[in-house]
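There are two complexes below, and they share chain A, which is joined by chain B in the first and by chain C in the second.
On to the complex of A and B.
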């Protein structure tokens, strides 16, 4: 695989290969926590943070621990444990460092352990054979991409809740999925700019 | 909680269907459904993981400390997924390459963890197994429906066999937005049918 520039990966993972809109990862929390802008922002920031940290950490775990020991098949368990441990650690640090930040992020952090986008980004960096800085760019970019997507949806939903009447059967997940589809269509418009597969 | 096996099965497949009722496991419902064959493999994988993790978690439910419940369920699921992943790599390498990370992502598939948490941690092994299998089947039914439509409209084939007539392919069905629209339609139609059959659709959870 040819070497991709860090910035290419960074922008591609925000716009053209958005982890949520093209790889469908992290849908569960995306659907349930997008009612209000404020909570969406809190969760989004937490995702950016955790995704960046776990991508780098899992890069080290995979290439410096699992590969030398020929334990690649344990990657799922290793990644999950690393993510769970890191989330716990981040939670403790945030708790000590800043009360305000903890109040904003605290409730979202445990949710993140089971957010498939986090595990997904770690698996992608192994499948796509990224090096350390590419992994960093990918983790950060994917996180920001996820944040962008959930903020877009939360904005639309909070407007929709006030103004629009939705047919009962379509209320909730139905209409949200349609809106997401339209957002995804918009993001496809970016696909000429940069491309990673 | 006294629930009959028959009720558990019915709830898992229709009344409390994981995808359109509980809105869980959407990630893979969208990602793997552009080809029927991939979807089928994914569904079998999910039914297998779900039923076996449920039964395992249920067997250990009395010895698992409360605080370690989530992590231990995750590890149980991960163990089964590793078996599945290696099986696919050995016997179906092409499908495994196409599914990419989504097999691994069964671990964080909310359906599996959700059912293990909500049901298997409180019920007997046999019943949990049934519940797991039923949820898996309910998930599969939805996924296969989506996959059949997406492949037929997007590629003009069903499970690789071409349709008997020619038409302009809908490229949108192959790419991401098509998945969102299709799932939205399925959610819509099934909720509408449910609302017809039971007047209080909001209280489907017993």
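On to the complex of A and C.
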């Protein structure tokens, strides 16, 4: 665990330790918003954005507030509160700054507040004892990893909607989970590259 | 002692700091100041940052909206001339390609943030906000009620039979902000100082719970209107009305608005669909109307009568009942009101029988 390079962490969190495909976090929105590439992209970008910001913010909250006061056991509450507040703040800033960006992200931002992958990334950076820059790399990488996974699924699903005959019993979440499993198996192929846990 | 105090205080401190940051951000980021909004040739000075629909409502300009800003009814379309963002993802499913090119937007989705200009039909300025007193109630079935209101200010309302109003359900109990819901008037339009609504109780519905459980006789209510283009067209074609449940409301208004000459000439027939006997209401009133007006026919039909309903009238799907009663559809117009399922089924049947789609009229509230 000693001093992993930030690029190692960045690439590992995209490919070998993808937060969605290896830890199965953030499944609910992954399953429900992956029907079309366009919406998947919107949600994915919003996740990248929020995950990066909250990882860094929660790093500060943990090491500069909870650790000095010996309140590590309160990390869950503290992290969730910070995530909720930051999402609100980000939403307001985006609303003010760019109508176009707000139109693309606006409806997804509140959804993300309750995305467990966001909380998960904050918890992992504590468990894995990352420093500030590692946390930044991990947050950004995990976000991009999540985006990669949902885009892959959305691509496959939109193609399947046109071409494939899925047996009725497996329609919807059933076939999506099977596809996800196969994507996850595919990502195991990367595991020789880098490894963080 | 500290073991309890420090954690509580630090979490409280953290949330307070975050709350203050959000409040400051809201104060400075969300404050767009006063902006000019040009509507046709008028100019309003409005507070920026709100949706166009609500901004106009504050200026007493009422754009029709049946869904209450949820981007489902698509009634609140206006022509945005300048000053608005690009088309939003929530609008795209409800706008046609031509509308997007013509800058037509959903006023419940776009926000007024800077100087902007829109165009609306001139008649929308005629829509007013009314105050009225809740006068009396009549239970029609176990879940449908008729509400009667007497107008206070303005004291009279001019509307075409079949149009609807937007009822304002105020804050009560755990409901923290007013909501607007669309209800068709079921009253005689010549009675200009009263309106009547037929409302079906929606389980957990904000406005219907208010009407059924909270509103007391004598209390004041607020509504805006009249809205909608569901009214009797001035032709000499035969009138075919189909309704289910509280969808009877505008049909009742339309029928009461027809003169006996018109009725004799246009031979209106009204199909009313209900599940079983207990969902059927006002049958006597309609029978009375049949007796006093030559040419009018009322056909109640039950889709699944209970064994002890003792029902001898029509049964089965309302669409089949229509086909059994009307032979020649070529010179007919359709007036429909009811659930989306009923509307779709009836439009399909009437079109397949040869009534052009533009001669079938209905409101989409759901």
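Heads up, the rule we're going with is that the second predicted complex is superposed on the first by the 196 of 197 C-alpha atoms of A that agree within 3 Å, B and C clash if a C-alpha of one lies under 4 Å from a C-alpha of the other, contacts with A are read in each partner's own complex, and residues count from 1 in each chain.
Assume a contact is a pair of C-beta atoms (placed from the backbone, for glycine too) under 8 Å apart; a residue touches a chain by one contact, two chains touch by 3 or more.
The structure presented is a predicted model; accordingly, all values stated were derived computationally and were not measured.
Partners chain B and chain C, once the complexes are superposed on chain A, both fit on it without clashing. When the two complexes are overlaid on their common chain A, residue A:22 makes contact with chain B while staying clear of chain C.
Using the contact criterion defined above for the overlaid structures, shared-chain residue A:148 touches neither chain B nor chain C, since it reaches no partner.
Of the two partner chains, both chain B and chain C are touched by A:77.
With both structures placed on the common chain, the touch criterion links A:180 to chain B but leaves chain C unconnected.
Between chain B and chain C, B touches the greater number of residues of chain A. By the touch criterion defined above, A:123 reaches chain B but does not reach chain C. By the touch criterion defined above, A:69 lies against chain C but remains apart from chain B after alignment on the C-alpha atoms of chain A.
Of the two partner chains placed by superposition, only chain C is touched by A:93; chain B is not. Once you line the two complexes up on chain A, you'll see the smallest CA to CA distance from chain B to chain C is 6 Å. Counting contacts by the rule stated earlier, residues 74, 77, 81 of chain A appear in both its interface with chain B and its interface with chain C. Interface of chain A with chain C (complex): residues 39, 42, 61, 65-66, 69, 71, 74, 77-78, 81-82, 85, 88-89, 92-93, 95-96, 99-100, 102-104, 106-107. The part of chain C that touches chain A in the complex is made up of residues 6-7, 10-11, 14-15, 18-19, 21-22, 25-26, 29-30, 85-90, 113. Listing the residues of chain B that touch chain A in their complex gives 20, 23-28, 30-31, 70-71, 74-75, 78-79, 81-82, 85-86, 100-101, 104-105, 107-110, 113, 175-181, 183-184, 187-189, 191-192, 195. Of all residues in chain A, those touching chain B in their complex are 21-28, 31-32, 73-77, 80-81, 84, 113-116, 118-120, 123-124, 127, 168-170, 172-175, 177-178, 180-182, 184-185, 188.
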